[in-house]
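First chain A sits with chain B, and in the next complex the same chain sits with chain C.
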Partner chain A sequence: MRQYNSMRRLTSLLFLAGLGLLLAAILQRLNFGQPPMIVGDAINAAAPAQVGAANLVTSVVLAYRGFDTLLELTILFTAATAAGLALGREPGDRLADPEAGPIVRAGADLFFPLLLVVGLYIIFHGHLTPGGGFQGGVILAAAFFMPQLARPASRLEHRMTTLIEGLAGATFILIGLLALFEGEAFLTPLLGVGTLGTLLSAGTLPMLYLAVGLKVGAELAGLLASLAEMGAEE
Partner chain B sequence: MNNLILLVVLPLITAFLLPVIDRFSTLAARWSGPLVLLITTFIGASAWLQLGTGAVSLELGGFRPPLGIVLYVDQLALLFAIAVSFGTLLLWPYGNRGGLRQQTLTLLLAGSGSGLALSGDLFNIYVFYELVAVVSYGLAVSLRTPAAFAAAIRYLIISGFGAALSLAGIALIYDATGTLNLAQLAQLAPEKLNDLQGLSAFVLLLIGIGVKAELFPVNTWVPEIYATAPKRVSALLAGLVSKLAVVVILRLLVLIFPQPEAHTLLLVLGILGVLTGELAAWRARDLPRVLAYSSIGQLGIVFIAFSVPGEAGVFAGLAMALHHLLIKPALFLLAERWDGSLAGLTGAAKASPLGAALFVLFSLSLLGIPPLPGFWAKLLVLTSLAQMGAALYYTGAVVIMLGMVLEANYLFRIIARMYQKAPSTGTPPGHGRLDLAISSMLGAGLIAAVFLLAPLADRLQGIAAQTVDVNQYIEAVNPVPTRNPI
Partner chain C sequence: MEWLVLIIVVVMLGAAVAVLLLQHYLAVLAAWSVVSLGLSVLFVIVRAPDVAMTEAAIGAGLSSVLFALVLRRVGLWRIDTGVPGDAVKKLPGREPQR
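Right after this comes the complex of A and B.
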């Protein structure tokens, strides 16, 4: 058995060495710095007029490749569901950890509104400045998770997070389906492009980002909370 | 045609809303999944009647390719998209043993599987592929036994490794061409990907996507997952998911990598797959593992068939793949109560006569006994190999026949055991009514295929001809000429 194991290690090592050599050889041949920018250049030129988002990254993420973003959201949702399935039962009653000290508690109370504002700001300005639904959503999740660290006895409302999560995801798809009812293709941005650089521009893109932000926030907050509750039970 | 996006989106939105629906009515949550799958099957079937032999592309977001993502709908894509909807409907966890989460994951599998068949964009295919992977990790552990967790961890590592490799392959392609649209890649490939970089991209993509297609070096997760997951999940993974990966590989091969080296590589890996799969199945000691290893062998034959360039190879490979798509889920359903060691199957025919009879039927077709469809599929593969007239292709044919000898040995050994007199210690259990009903249905389909062989073969040949028609693909998608920004 031991011989078999060392054999296996040796073959894995050989395999890895071969793969490394292959990748190194390929890297040698690539000419970095002059990629053929067929799609990239075309999008750079067309996006401001076509989509109306001052943040070009957002026009790629939500307009040109919005379908990919929907799938990324779904992957996150799937991972949370699969983790729930693997962890098993809904977290039950437990002995709570003791409350944190006054500094952490006061800090958590102070930070909660600040984080909420920053998160929402980043979500709402996703089509104008760097940031957007994913980044803002993570900040929202942190905002809701921090009070839990300060006061482990106070439970995050799972009911609420699943509700927000499901409805936000459905909203993203419904906005896409609205275009289908209008006779356009799925996920076509509606409502016109507006004035480039203003808060109310880029059509339905800010709404999509709001849905992304709420979904990501609710998902991560829910996942963190159930992991914390699991840990406390052990 | 525009509403074909619903095949992907309806299951996704239902999956998102399932926990919310469950708050209001458990009954509604329980039946909304099957209902949605019924609707998507219907949408797919009516699109099939409209499509004929044509092909259309759907521009998502209303952006002209290559800027936006397109779905490409031809007979091959639509056939597999319908198979996903209908297959998940058949293999739905009706007993509700896994609860709400398993239903959610099954719906997500239906949506992402249809998307994988329909997508016409390389990166979009990657995202769908990842989604299918994450869904299958969850489904694989739904019984939550320690063995299932161990198997799933191994699966997760191999699959993650494969995903990283295929992402590297996509990066190489993007570096060489600057686009991700499959039609535009098909236009650019002869000029820009017909070199070492293109070939290494193919190797990386093949290994990466091959993880799900049970390709030879990256299939070590197969037996443990199929043995430890609920048999309905194994049926979904072995029947549907592996075929979707096969379809993706076929598309890439036809559109982007028609080089002879790519075909040779596929042939060699296919041969090794048949050899290792059938030998391992011959040595396996319980029914789920026998079925898992035999599935590796069968998919090896599919890859050998695809290594024959042109319409003949695609025709033969698709026949093998569809045949396996039909019978492997049925066999896994029969194995639901028949896991544990093979010795425990002694006298099983007495306890479940219909189940044993179906097992014999499917085994004969798997093996390739005329006049069952499995025979014709294997015959197609062998004749297309013989027509190539090269030593390596002859080797492929010989290996396939060797595999049939092994298959005959282990399948007849199991059947003989089933029809022996039961030991005094008690007979093995009979089958659940639903499992038996679904596998009878699939068996009836198999027998119907015997009588409808000529029209089915004609239709399949038409599909193969359309699949290898690169020009039709490019014209249907019609990517905007490069360089000049619109």
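Right after this comes the complex of A and C.
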């Protein structure tokens, strides 16, 4: 046993030394404070005229790196599906938890519409102000989890969230495919640039972000709800 | 601005140490989300509002809820229902927590 422990320590030390060597080698080649990339400056200069989104982050996330975002959504979908499979046992006739106290119930009633508005605002203004589909979607998921926190007996409609999730994901891909019919590359923004800084600008980007927001929100709300419905360990 | 960053970093470090030292799992979770919240304020200060939003929504909000639900699922934390006889089952090697 002692020999095994000392072996393990030796391996850890060797690993640490190797990691330190690698980091030192990288640090030596790196000019601190001088980014070698010029992509950022190029995108900053070209994006407002090319994409028309006032929020440059959005024009990178959805226009220049739209395919990347699609794969990100796929990863999230796979993770949520795997979690759903692991948790997917029916709650059965297990007794629901008792209702929360009056403070939590009143807070949930108060926060539900507020969070809904904030989430939708962040999604719809994703191409204008910071934020977007991912952040707004998480806020939407939190909004729909709130009533369940206050009244555990009220169950979320899982069929509904799955439907919204599927439709939103299909819409994202469909908008991407529409660009192919226009003779452009997959997920190229369509419908023109519009006026910079107005709500109806940046072509299909707001639609894409709406799809992202609904998908992320439905997915995470479903995940939280199924985790909550599982309840405590029997 | 620098003193603000200093305060936030000290709070974050304190919370991070508290994560290691605290005994109650829910308290650990709260301290851990304080780290995320401080980080999101730091992101705002370095003018990365998009990242700050993500950090606040996912790091401080959603994953804390997720971890709380998982703690409940694996039996390390139970909601106090107030029902007599609803005693917390003692797990081997761990103190039950309410």
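We adopt the following convention: the second predicted complex is superposed on the first by the 210 of 234 C-alpha atoms of A that agree within 3 Å, B and C clash if a C-alpha of one lies under 4 Å from a C-alpha of the other, contacts with A are read in each partner's own complex, and residues count from 1 in each chain.
Please note the rule applied: a contact is a pair of C-beta atoms (placed from the backbone, for glycine too) under 8 Å apart; a residue touches a chain by one contact, two chains touch by 3 or more.
These numbers were taken from a predicted model, which means no experiment stands behind them.
Of the two partner chains, chain C is the only one touched by A:L224; chain B is not.
Look at A:A79: by the touch rule set out above, it reaches chain B but stays clear of chain C. In the superposition on chain A, A:F186 contacts chain B only, with no contact to chain C.
Once chain A of one complex is fitted onto chain A of the other, the partner contacts of A:Y209 are absent, as it touches neither chain B nor chain C. When the two complexes are overlaid, the chain among chain B and chain C that reaches more residues of chain A is B.
Per the touch definition, chain C reaches chain A in the complex via residues 49-50, 52-54, 57-58, 61-62, 65-66, 69-70, 72-75, 78-79, 81-83, 89. Contact residues on chain A toward chain B in their complex (touch as defined above): 22-23, 26, 29-30, 35-46, 50, 63-68, 70-72, 74-75, 77-79, 81-86, 88, 159, 162-163, 165-167, 169-170, 173-174, 176-177, 179-180, 184-189.
By the touch criterion given at the top, residues 55, 57, 97-98, 122, 130-132, 134-135, 138-139, 141-142, 145, 220, 223-224, 227-228, 230-233 of chain A touch chain C in their complex. Residues 2-3, 5, 9, 12-13, 15-20, 23, 58-63, 66-69, 98, 101-102, 104-105, 108, 111-112, 115, 123-124, 127-128, 130-131, 134-135, 137-138, 141-142, 144, 149, 168, 172, 174-181, 184, 196-197, 200, 480, 482-483, 485-486 of chain B are the ones that touch chain A when the two sit in their complex.
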